[in-house]
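The structure follows.
Naming follows writing order (A, B and C), and every chain is counted from residue 1.
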Amino acid sequence: MTITDLTACQLRDALREGRTSAREATDACLAAIERLNPTIKAFLSVDSGAARRRADEIDRSRAAREPLGLLAGIPVAVKDNMCTADGQPTTCASRILAAWRAPYDAHVVERLRAEGAVVLGKTNLDEFAMGSSTENSAFGTTRNPWDTERVPGGSSGGSAAAVAARMAPLALGSDTGGSIRQPASLCGVVGLKPTYGRVSRFGLVAFASSLDQIGPFGRTVADAALLLQATAGHDPRDSTSVSEKDQPVPDYLAHLEEPVRPLRIGVPREFFGAGLDPEVEAVVRAALAVYERLGAKLVEIGLPHSTEFAIATYYIVATSEASSNLARYDGVHYGRRSSDHSGLIDMYMRSRAQGFGDEVKRRIMLGTYALSAGYYDAYYKKALRVRRLIRRDFEEAFARCDCIMGPTSPTAAFPIGQRTAEPLAMYLSDVYTVSANLAAVPGASLPCGFTRAGLPVGLQILSDVFTEDRLLRIARMYERQAEWSGRAPPAAGGAA
Amino acid sequence: MSGPQLVPTIGLEVHMHLATRTKLFCPCAVEYDATPNSRVCPVCLGMPGVLPVMNEKAVELAVRMALALNSEIPGLAKWDRKHYYYPDLPKNYQISEYDQPLGVGGSLDIETLQGPRRVGIIRVHLEEDAGKLMHAEGGGNYSVVDLNRTGTPLLEIVSQPDIHGAEEARAYGEALRQLAVYLGVGHCNMQLGQMRFEPNVSLRIGSDSQGRPRYTPISEIKNLNSFRSLERAVAFEIARHREEYEADPAGYTLEKLGKSTRGWRDDSGLSFLQRSKEEAHDYRYFPEPDLVPFVPDRKWVEELRKTVPELPEKRRRRFIAEYGLPEYDAGVLTAERAVADFYESVAALAKDPKAASNWMMQDVMRQMNEQKIAGDDLEKYLTPSSLVSLINMQKQGSINRTTASSVVFPEMWKTQKTPEQIVSEHNLAQVADSGAVEAFVDQALAANSKTVEDYRGGKKAALGRLMGEAMKASGGKANPQLVRALLLKKLGG
Amino acid sequence: MALSREEVLKVATLSRIRLADGDVERFAGQLSAILDYVDKLRRLDTDRVEPLAHALPIQNVLRPDEPRPGLAPDLALGGAPDRAGDFFKVPRVLDEDAGA
């Protein structure tokens, strides 16, 4: 077993016991990146010098018996829509920010550094987090380590692939409509979207302000819990981050091994309807059967507003907020400015036309339309009313069950280029994930098997607001029975 | 030409910078005249990934102003994004309040040349200011942007269209300014651009067949930053509307032409069209997702209401009624809150409002005007109790008025010593001992026999000269009343 | 909900995105398809449902009025595409551009 095969928790133990050093672990990750990134393209930028220096610092601190953080010496990758002030660019995979260097660290990056993590580099994403395949990156798509002709999912495809291919044991992603959970599912790793407000958004380049959340990728539930622990908590710089008084951050690892009993699992009929690939369905149902064998009760529930209506709601709310959040990219104060303009307005129009890709343009225009005079009530306001109906669906469901389960994604990883012609086809990849963002509830995707073609399938678990600790325990119950994290993708040396 | 009476109908939007130390959404210091782009941070620069956090002092000052304007403080206020693209607005949206502002309704009483008026208030809300856009020096083909001002807290107060003339508009603006300064809500320094006016001007042209009022189109004049330009621009617009209407009474109406936006050039005294009705902005307002609503605690609102001091207009009227002061004096003494507070302390301690007023109006205000001292700094130079001591010493005869005013008072102002200390140190005590004074009187009479003869010959004015001589002989310290009485006695009437 | 060419150009201008001639049709088609899809929300009766703007019932988040140092001018201006000394530099702004 090589160092890169260790999970983050195993690595943490190894570091504490002196069986390896932060430097060794970092060097191993950097070597894996060097070997695999040309194919997989999970990383957009890597700062090996800084990573090694940080690793050495941690090793020195450990030797000097200084107090160490939760992630001391553990290499972590960061999605490139989170600001890092260390000289690496923060591009959001967009031409408009291709050369931009943030003068400040995101809150979560500050937390990583404070806990002693070794930041390896920035990972690829769909431009401005808009997409479900990472094909919308301006710098080339990331490839799924399980089959490099297929997408890793999106928008956090780079982070998911980095962890799956064992280039880093941990990575941060962001989830607005499924952008952590769906790539976790397609890449066979654990990904968690916390409750809205659990993790500070300060320094996360905004896509949809009322939906965005930052969350962890790891190969195991414990790894995800560890990274969540390091990043969760109030930040006075984010007015929407919940206070410590109202929702103290629990210890996510302390009771991870305790099963939740009794356990009522809501199974929404809408999550098993038309459009769901039969192989994926079979694998997910097998996972539900494992829970039943553990004593859980499956309860059929309805989430009547939370699939197709949720997609419609999402593509109004998210695009409206995005059209506003991306108005600032105008070539005036930072970012790319066109060189061929005539006058101010032309400068705006050309800078943005040249700097944004098609999907970003589409969403900005959709959002602008939905907010514009005469359409606001019919689109934006209407969508916010349906959002309340979606929230009620979940409130009613959680009155009857402890969690909700179903497939994370209707299909396994699809071929690169298969869905790029029709935006709507791509949007429907999020049909099981968007409702959680609209309702603010936390959700995770857990590897639960493979298709016959060897492509990972993810089980989605959703739970009530601020119950991540219970959600993780529920996930761990399954993981103990059917550990998939040991299997490595072909790209990372596993069996083809 | 007969026709309906044209009544100027003006609503005024006033923006003022709040007296906070930091910006509305970030802890950057609010400072004027700093190096360009040196009072900025990622938040007010609108950089990727930043979030706003509301300044509690700004909210408090806004609510205080709303309370002073008799506005209602609704149970929930929220923030909204107002979108437009401009280089001095880094996010290309302004965070403001759209449909649920901090204060609703209210009014302000003002004094105009036509007498007292009450101007209704529609709303009071908080928003962030933009930066400064300037054109290049020497006509270069570019403009430059300084973002220091971006994010400065702005209070916007929108009046009802209750104003009916240019002078009234100015009076309203000045009253609002005085109120804001009184409350400590804003410094409203016009030179620093801390207050801006946007009048909406139209003329009412009678009523339609159902008795509903009809109007000429409305013009909104943007960004006037002095009382003079406010008054001139409003007067200009009233005249311009009148001209336009008279040239085309059927076509020049609000229904047909709507509202336009105009700029003002103070040097030429002309307004010019910026945006017509068709080109009106689509601001695409929607609730600001990065800020949570503000639900004011009702007890907090009541506590804040108690801290609203007596407002200037009311205080002025009370000074007239209670202290018997003339209008002019009452106006001067209530112009600044700290001065009015000072006056009332003196009046109470001296138990003599008239004497207090004389000293304030003549001596204190003169020093303040000469040295350009603001009311808030008055007590660095003088305390009510020391002024009262001076007043009492003069009444009791320890010093005469002239000595008090031209020697002791300036020394008090300069050194902050008490009048007792100064009189004693400089040996200024008025000579009131009749024996000593008599000696001075005798001296004067002896040295000025010609003048004595003049007086005895019927020139009553010669008495003044003799008094001057006697005072001079005493080094200015003799009690003038005593001098006069003794002179008269010795001169035989 | 089919968007006309004019409507697409109007939205693009409002979004400050210059669309090449050849792209207008393509975007019109795609946007129309998406708008058709989201129109299904009309099927839901929401007359007595209040809009949900904020996911969590958080209120009254305020910060103290305490100054803190910001960015040095070189960092503030560091990413500027064009600069004139201590200022951001932009093409000359005409009155017509005024906030339009």
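To be clear about the criterion, contacts are C-beta pairs under 8 Å (C-beta built on N, C-alpha and C of every residue); 3 or more make two chains touch, one makes a residue touch a chain.
These numbers were taken from a predicted model, which means no experiment stands behind them.
The interface with the greater number of C-beta contacts, when A-B is set against B-C, is B-C.
Measuring from the average of all protein CA coordinates, the nearest chain centre is that of C.
Look at the CA centroids: the one farthest from the centroid of chain A belongs to B. Chain centres here are Cα means. That of chain A falls 24 Å from that of chain C. The mean-CA centres of chain A and chain B are about 56 angstrom from one another, to the nearest whole unit. Put simply, the C-alpha centre of chain B and that of chain C have 40 angstrom between them. Multi-chain contact residues of chain A (touching two or more other chains) are listed as 100, 103, 210, 236, 239-240, 327, 330, 332-334, 344-345, 348, 368, 372. Of all residues in chain B, those that touch two or more other chains are 42, 45, 53-54, 85, 87, 143, 145, 147, 282, 284, 289, 291-292. With touch defined as above, residues shared between interfaces to two or more other chains in chain C number as follows: 14, 16, 53-54, 58, 61, 63, 71, 76, 88, 90-93, 97, 100.
Residue ranges on chain C touching chain A, taken from their complex, read 8, 11-20, 27, 30-31, 33-35, 37-42, 44, 46, 49-56, 58, 61, 63, 71, 75-76, 78-82, 88, 90-94, 97, 100. Here chain B touches chain C in the complex through residues 20-22, 26-29, 35-42, 44-45, 53-59, 84-87, 133-136, 140-147, 263, 272, 274-275, 279, 281-282, 284, 287, 289, 291-295, going by the rule given at the top. Interface of chain A with chain B (complex): residues 82-83, 90, 92, 97, 100, 102-104, 106, 201-206, 209-210, 236-240, 320-321, 324, 327-328, 330, 332-334, 344-345, 348, 368, 371-373, 376, 380.
Chain contact summary for the complex, chain A toward chain C: residues 100-101, 103, 196-197, 210, 236, 239-240, 242-243, 246, 305, 308-309, 311-313, 315-316, 323, 327, 330-337, 341-350, 352-353, 356, 361-362, 364-366, 368-369, 372, 379, 381-389, 391, 422-424, 427, 438-440, 465.
On the chain C side of its complex with chain B, the touching residues are 14, 16, 53-54, 58-68, 70-73, 76-77, 84-93, 95, 97-100.
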